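Input: a single structure, listed below in structure tokens.
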């Protein structure tokens, strides 16, 4: 029988991260699922010199980089989709504060696949022939770079293709719609690369919008793509992806997406953002207050909410969860 | 809008297979999910010289090989788990009628992964160093074989590892618990390698125990691991995996597992089995009669039936399905 | 050419011209924004059986409530028939060569259809990699689409700074140095079949792979396009005018673009 | 040694001895049959927090209704918390090195712990591969476990024909030719830590990797074991008697083995 793994957000960051850690977040979708609140907590606890491994940039990486906490980053996409360029990350890259190593979105996913398999490399039929292969932010002096995505030979046909280095991040924070106290998790919406990341990472923290009873997992085992056996800790934090969306639970907070990104454009306004939206809350209740009742009401009126219907009866109350957290932190 | 793809079992075999075809079946679990009834239909239509690609042997491969229809086979496991050795396959291999190329279970799954990615090869950290690498049934003269699982060098560390050839079967029959008329499918129980197979194969036939309305898929999109866009045909056939099991729907038919395997032990009793259980039915109704009411009642009393509960309200009736099949075959 | 009273915007013309390139039944991948509007316009108008997908593995969905904010945005997650993942969508279906067509955007494109979405540098990057003056979005899934999709449509606003003799950084490969240079990499995808802009349509010369002016719009002309292109743009012998959007096309497009993103100039 | 009145079968002793090798909290993979009984016995008896998995990606399950017929059998699918797939279970969790321990069976095992489950030939196979006289089950997932699991326990009935100086066909690698020959292949798994039989327990010499007799059962003895072993079996200096099953152990085992598979001789 696996043991409950519920701990507080603060405890998760305290236990599983340190300065300079290779930190991966998932889904790392620029608008959708991402363990954004864990990034806020990294800043609250003063973590820095991070090596960020994000499938794509999200408001989390944008914030962490904008706050100067990211020395190195690897990702496939560094924007915010319809919300434009990611000003915090952009500023960090342009000033040289963050070295950003470019890959494509598929590359990041299969590098995590390779890490999960514990393969030293993964075949690359994409990214070759472009400057993603020939330019390396981590080895800037090499041009054309041959060590970032070296060429290899298919032993069957003699054909040339590339090789990606696998990724095994030291710690991953993975946002999920629901987890049970043991660490079984259900994701609604695209997984992006969370399945692979949950196996590739050396330590896995789930950040869940809802905690459900394990009976829910037994009813829907095929939905449990992250089983407890690969999970180290579960953090309960409703609206964990805010201002991004969580399918079935809440939509993107359009206004905050814009104001946050605007704030991250300068050092000064970033400091104000940190003050207002990172260092400002002491509890989850404060956090919800910070988002605001009206906004929460608006974003929870999502067209996707029917996706949660089959699982609602297993949702645990905040009180039940608080008790389990107390046990988990003992 | 995708179009309905429901066709009859006979039409599926007629349209998508020919003698000598590379034929993959999934899940190809020895006791669980497998599109066994499609194998029966292959024999009914006299298909032979098949190149069978099975993750593991199942009663289907056992039957096809026992009936002399398989020239070449590749699989990871050639037994029947607790039911012992697979007598039909065994006899075909021992007499030389079937050349059986050995891999491990992981090897088969990642070779399909490689086929789905359209990689020419897949890194191999297993099967190397054993006779799976050094002995090849398809190239018997080579010893130690160097072309089956050649060694390659990791360009990052210089470490030696192996390479598997990817698989892209010409046609795959995939057993699923439920499909909608468009070809979206839900599998209950382990996927084994059905997800990868559905992308690796050039043509995909789903063989479904139940047909459900597409609304079911919209309620549970994360369960739809095989989307319509990769599917060429859907065949409705309750008890399609019999005498094996289908989680949520029916248990293994222990008696028939044994008697079938016993029959496949000799040429003579195999002919009798074909007469009784392959050429004997003209319709699905006949097929159900052949299994027998008592047996069907017994095997549907499965401890797993609660797994189907969330989806029952979307199950289409046989009449509704028959109408769609008529449309699909036009 | 007469001054033309636009009853549609240049962006709408571009989206419709792009949508016309899509054929019924194709497996197609759209990025967020313009590319999605062009794709869903085609599905609404003339290609009802198009099989649309996103980079994240959203299948069977039709966006609700306006242009999706992103590829996993709830606006595209409300009625999907399947959600899978990036390995599946970008790997199994796109990089594998199974996807017939992809639509990508560009910050900068060159005469061989190479796309830069990574950054703007002051001059060449030089021997040592250095941070761009202006960091853009990176390759995202566009590189994977450019390598794997059967053909690629590039949508880009037609401004001189965006049309370079050679892009500073190749984020997504077109025909690289032209001719058969793309073939060295064994890409399963055929490369860009058209660059569709706010002023016209460019297509590659079959041999040199240099993009040439294939068609202009009722409201644009050859000279205007050449003067907005950063290389000496050749003109196809069969250059022609792109037919105006029909009433039905505009109706279909505006149904998809219900928030009017393309009507903003 | 006195004639010993068995209150348990040899198979039960073997299953209990195997189960004793498992430690609480470990990630463990069991094959179908004996190996599953040994594993679930350990969970029932002394390792409640064992994280059991199957090759097909069944997690969190406890079999119901007796010994499962197979790894996706409904008897093990009735109360799982997660179902995934073969790539995940055998790849991400086993071949990767994340799995602590695996239990596999053998038709034939040799003095370096190499396992044959592929076939029985009349004599050597020879230079050209040829079909076996008796085809067995092939490697299944055991090769993947043998390459990747932290350590491997081999369960096998102790009969001379099963214990060969050298197996005819290596289906699943042990220490290959002994010494450090296994290291040439870079396997992340540590190799077999014990061969547990119906007569006793063999463990590898740390240097030569040759399996030696480490312990015998209350009902067996060194000579009996040696005479049932197809190579000249060395005896560890610290050879000892395996403690008899306790009442609690037998109770736990028989609860797991509710259909009595292990009580059949």
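Labels A, B, C and D are assigned to the chains in the order they are written; within every chain, residues are numbered from 1.
Please note the rule applied: a contact is a pair of C-beta atoms (placed from the backbone, for glycine too) under 8 Å apart; a residue touches a chain by one contact, two chains touch by 3 or more.
Remember, predicted model here, so these are calculated numbers, not experimental data.
Enquirer: Touching chain A and chain C alike: which chains?
Expert: Where chain A and chain C share a partner, that partner set is B.
Enquirer: Note the shortest touch-path length, in steps, from chain C to chain D.
Expert: The fewest steps needed to get from chain C to chain D is 2.
Enquirer: Counting C-beta pairs in contact, which comes out ahead: B-D or A-D?
Expert: Between the chain pairs A-D and B-D, B-D carries more contacts.
Enquirer: Counting in whole Å, what is the centre-to-centre distance of chain B and chain C, each centre being its mean C-alpha position?
Expert: 40
Enquirer: Using CA atom averages as chain centres, what separation in Å is found between chain B and chain D?
Expert: The separation of the two C-alpha centroids amounts to 29 Å.
Enquirer: Nearest whole angstrom, what separates the Cα centre of chain A from the Cα centre of chain B?
Expert: 37
Enquirer: Hunt down the residues of chain D that sit against at least two other chains at once, touch-wise.
Expert: Correct list: 77, 83-84, 91, 95, 188.
Enquirer: Can you pull out the residues of chain B that are in contact with at least two other chains?
Expert: Residues 110, 117-118, 125, 159, 161, 188-189, 191, 195-196, 221-222, 307 of chain B each touch two or more of the other chains.
Enquirer: By the document's touch rule, what are all the touching chain pairs in this structure?
Expert: A-B, A-C, A-D, B-C, B-D
Enquirer: In the complex of these two chains, what residues of chain A are touching chain C?
Expert: 27, 29-33, 55-57, 75-83, 85, 89-90, 93-96, 100, 102-110, 113, 125-132, 135-137, 139-141, 143, 145, 159-161, 188-196, 245, 247, 251-252, 254, 257, 302-304, 307
Enquirer: Which of the residues in chain D end up touching chain B in this complex?
Expert: 32-33, 54-58, 64-65, 67-75, 77-78, 83-87, 89-91, 94-95, 114, 118, 125, 127-144, 147-148, 169-173, 176, 182, 184-188
Enquirer: Tell me, which parts of chain D touch chain A in their complex?
Expert: The touching residues are 27, 48-49, 51, 53, 59-60, 77, 79-84, 88, 91-93, 95-98, 188.
Enquirer: Residue numbers of chain A touching chain D in their complex, please.
Expert: 1-3, 116-118, 180, 182, 184, 195-196, 199, 214, 217-218, 221-222, 224-230
Enquirer: Per the contact definition, I'd like the list of chain A residues that touch chain B in the complex.
Expert: 110, 114, 117-123, 125, 147, 150-157, 159, 161, 163, 165, 186-189, 191, 219-223, 306-307, 309-310
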